[in-house]
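Worksheet: the structure to be examined is printed underneath.
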Amino acid sequence: MGNDKPRIREVALTGQESPTVKTIRLYDPPTSDAAPGQFAMLWVPDSGEIPIAISGTEEEYSEFTIKHRGETTSEIHDLGVGDKIGVRGPYGVGFSRPTGPAVILGGGYGVAPLRYFYQSNSSNVPLTTLIGATSAEELLFVDELDAEIVSTDDGSRGHHGYITEVIEDVLEGKDVEMIYTAGPEPMILRALEICKSRGLDLEASLERVMKCGVGLCGSCLIDGFRVCKDGPVVGLDQLDEFSEFGRWTRTASGKKEPI
Amino acid sequence: MGNDKPRIREVALTGQESPTVKTIRLYDPPTSDAAPGQFAMLWVPDSGEIPIAISGTEEEYSEFTIKHRGETTSEIHDLGVGDKIGVRGPYGVGFSRPTGPAVILGGGYGVAPLRYFYQSNSSNVPLTTLIGATSAEELLFVDELDAEIVSTDDGSRGHHGYITEVIEDVLEGKDVEMIYTAGPEPMILRALEICKSRGLDLEASLERVMKCGVGLCGSCLIDGFRVCKDGPVVGLDQLDEFSEFGRWTRTASGKKEPI
Amino acid sequence: MASSCRATVKTVGNRTGTSTKLLGLKFTNPLFLASGVMGTTPGGLKSAVDAGAGGVVTKSLGLEARKGHSSPNVVGVDCGYLNAMGLPNPGVEYFTEELSKVDVGAPVFASIFGEDPDQFAKLTEIASGAADGIELNLSCPHAEKVGSAVGTDPDLVERIVSKAVDATDLPVLAKLTPNTDRIVDIGRAAESGGAAGVVAINTVSGMAIDVETKRPVLGNVTGGLSGRAIHPVAVKAVYDLYEGLSVPIIGVGGVETPETAVELILAGASALQIGTAVATCELSVFRDVDRGLAEYLSQEDLSLEDLVGLAHRN
Amino acid sequence: MASSCRATVKTVGNRTGTSTKLLGLKFTNPLFLASGVMGTTPGGLKSAVDAGAGGVVTKSLGLEARKGHSSPNVVGVDCGYLNAMGLPNPGVEYFTEELSKVDVGAPVFASIFGEDPDQFAKLTEIASGAADGIELNLSCPHAEKVGSAVGTDPDLVERIVSKAVDATDLPVLAKLTPNTDRIVDIGRAAESGGAAGVVAINTVSGMAIDVETKRPVLGNVTGGLSGRAIHPVAVKAVYDLYEGLSVPIIGVGGVETPETAVELILAGASALQIGTAVATCELSVFRDVDRGLAEYLSQEDLSLEDLVGLAHRN
């Protein structure tokens, strides 16, 4: 619990990934040692603390790739090299190590944890990457992950439409065992259906409001499952059992909200 | 600090060493691993908690050799096999390992820690043991420590008088570097004088009222030295610096009392 | 972390049951989920029961939905956590409605918080729609006007409890704050008001400051300390309440192992709640502690009831 | 144990002084020995100064010699100790006499405890014979009739302080209990009574029960919790007092590292006391914390005075 106190770090490097997405790099040994799929709680003093996936590591540095959404993410976007931010974690359960050919399926900033997953793939299994975004300029890490197919909602690059619409074509010719995915919940839901119908396995990284990150507060519950501690990466069986997944999320007060 | 909670142990064995001194054996890995000279706090529920030296160990068992003095020691004397007692520790700093020929000088129940010291002597240095007591039947561990000379105040065995009176004779013929001692403070004081005059080194185990055993409460102070944490074994230089040693002890209230 | 969750109580002997009757309710064991920990949704409550909890307490519910304090809401400290959630909850009606559709599998206490006796009465009435008991939160240390603001005045406590008791047929518990020199007076006031039992303790007031940014860490500045750090405080509170009260006491604070559970029962608790340990240990902490408790009872050849308050014999 | 004593504050930069003037006294650093810890004899006080303490507080002294409670007097718990010494002391006259013959090497506060304003006045008068300041113990949680029994009633506190202030020319500090919901009211009462400063906190009420013998461990049954477990409680108390009072605050509770020290200073403490860490760390804890504090100040380019209460800026 002494570890669950924010460590104050200086931003070592920043990079703009898209008009709305920025990566920051911090010297932070604990998170640099995390499993792909694990996340950290990032604290911007006087603003707030939010859960962010680890998007890559290099030696004792970790990277976080953050979409400009509201108050706290906007504060993080304003940080420059040398500015301070608090980090605690890593938290949660990450992705398993791939043991056979697999597909990486990322939507929006969901590509962030998958980038770290890709970086960490030390086994020799072939990974096929599919990436979707709203528009061409919002596509993340396409080259780094050697994406085979991309899609955009506005058709500005690759497939015009949702990335889920091309999964089955990609799977046709390939001997794939498993999909690793993160991104909008409808995308994950669709991937789940595809995996079920084709007998593939699946691991998905989920998001909920996370106020503690350690399994205490219950703000991140899906049914009775603590996404922060027992997730955020969940397997197919677990996902398939949820009654709320893909349909409901919870607001900060605990009220249900349709996804 | 979690370790500083009494562990409840059953008495595994008891032995009467003299009309007033009894040994109890407990299964207690932490103290069985102690250095000779270290002590434990023994707790008799509903009576009290007192400091007692470790007088020997065997595998994960420790022994304590206790003189019947007052309330709590009398309760301990009443314990039989299977009865319960609390132990915390080991505490304090023990004796150094002998590196050359040495004398063991024990008076009264002070022989207790020296017995463990003798047991633990794995180096091949020759140890010459001198033991004093009030009377023949109160002499402790004479055979076990292969005592060369014993003394009794009433002359019922060995030298008639104090054991300190024979030290110099013993030292005459021998190439001794150091005295290890425990027992009445006047005895230790005399040993200190002898060592100083002959250029020998000395380590002595001291006693004071000890209410905490961990260095908090100050009840065991000699000058500003915490006997429980920085002792109970102290070296010649330290001993020689004390203004209170050999002259004053402190009562439970902190008042000075002549020794 | 995990290491501190292991039992240090010896575990030989045959397992005996720890099922218990209390407040007119039956529990498979005396280890309940504490309020505010995981129990923000009926699904969270059910998870705890599935993991072995003998009963559960909901997150504290108010009349209106509340988002809670701004983040950070939780910070780790030595042997515990500080939290300042700020009583986020979807409102008593919303929660009760949702709860009424779920079979939690064990008795559910609805925890409620309000500003005055009338609010507590209204909350009690609504919450009684789906709960098996009511727990009055008179003790949250970091919410303005509610919580311990209403829980340190014995007269007010008596009025709140008595209004709540009038508003329901269910057993009403009063949850007490340790941040006072009058916990026994407050417990007695709750008893006079008709409380079927008291729950002790809520969190201990505390805060953490980050030395590099020089800012309080919690969004709310101050918060409540929970976990093993406060266990001795809970033991003392339960011990004192047992001497001063006749209603059953439910002990809370730093229960993580069979040993910490037995300690509170010996002090006088008839049942226990577990909060922080669902984070520092696994959710199986309920089952693990229950197993250790059962083994302890069997070894000592005592029933759970026998054990309650045994440290007081003299 | 030792590991928790290590500094986590970065220690680059040049060492600057931490000497400080407070209450009309000069201290080489703001880290004082807390009352009751080692300071039962003048020799113990001197040892702390030799090990780097900038000031020292004596064991609390009463009118008569006291042996203290029956043993066990101390038991270890998670992240701290419970103690119930029972205010053993040789009596104020005896101690003052002995102290007058020793050059401790730094300012000495005589801590005193009594049952009523007149006793406090008398104790103050006698203790002033050899001390540089007086600390009124209004907060021992485990002694009958004295200690927190007199420290939770603001009116009584004001009268005690004012009588003590009248009885001496030395600065008078009031040491406060955290076991109350009115610590700021009590601090204000002390201030009105003329206290030159307040000291916060004394130990937190707690107890431990042994599960095998089913007996309270401490001879006195209940005791006071000290050490890192109570650090967040101390930070909160100091923070609140800083908002409500104008006199200097001396922070106590779980100081073991430069970080824990800085935290209390940021909360509003002008100086600190260290108790439990002289057992959990080495006596060099004074020097070690001072060094870390100095390095922190140098790195942040702040003076000690600048740092006091900085977490309150808004």
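The letters A, B, C and D name the chains in turn, as written, and every chain counts its residues from 1.
Following the convention adopted for this analysis, a residue touches a chain if its C-beta (ideal position, glycine included) is under 8 Å from a C-beta of that chain, and two chains touch if they have at least 3 such contacts.
Predicted model only: the values in this text are computed from it and were never measured.
The chains that touch both chain B and chain C are D. Looking at chain A and chain B, not one chain touches each of them.
On a Cα centroid basis, the chain most remote from chain C in this structure is B. If you average the Cα atoms of chain A and of chain D, the two centres end up 49 Å apart. A separation of 35 Å divides the Cα centre of chain B from that of chain D. Between the Cα centres of chain C and chain D there is a gap of 32 Å.
Counting only residues that touch two or more partner chains, chain C has 77-80, 208, 215. Counting partners per residue, chain B has no residue that reaches two or more other chains.
Viewed as a contact network, the protein chains form an open path, each link joining two chains that touch. Screening every pair of chains for touch gives A-C, B-D, C-D.
Listing the residues of chain B that touch chain D in their complex gives 1-6, 8, 41, 43, 45-46, 48-50, 84, 86, 88, 211-219, 221-226, 229, 244, 250-256.
Residues 1, 36-41, 43-48, 50, 59, 65-68, 70-81, 83, 85, 88-91, 94-95, 98, 208, 210, 212-213, 215, 217, 219, 227, 275-276, 278-280 of chain D are the ones that touch chain B when the two sit in their complex. Residue ranges on chain C touching chain D, taken from their complex, read 4, 9, 77-80, 82, 148, 152, 177, 179-181, 204-209, 211, 214-216, 221-222, 225, 228-233, 235-236, 239-240, 254, 259, 262-263, 266-267, 296, 310-311, 313.
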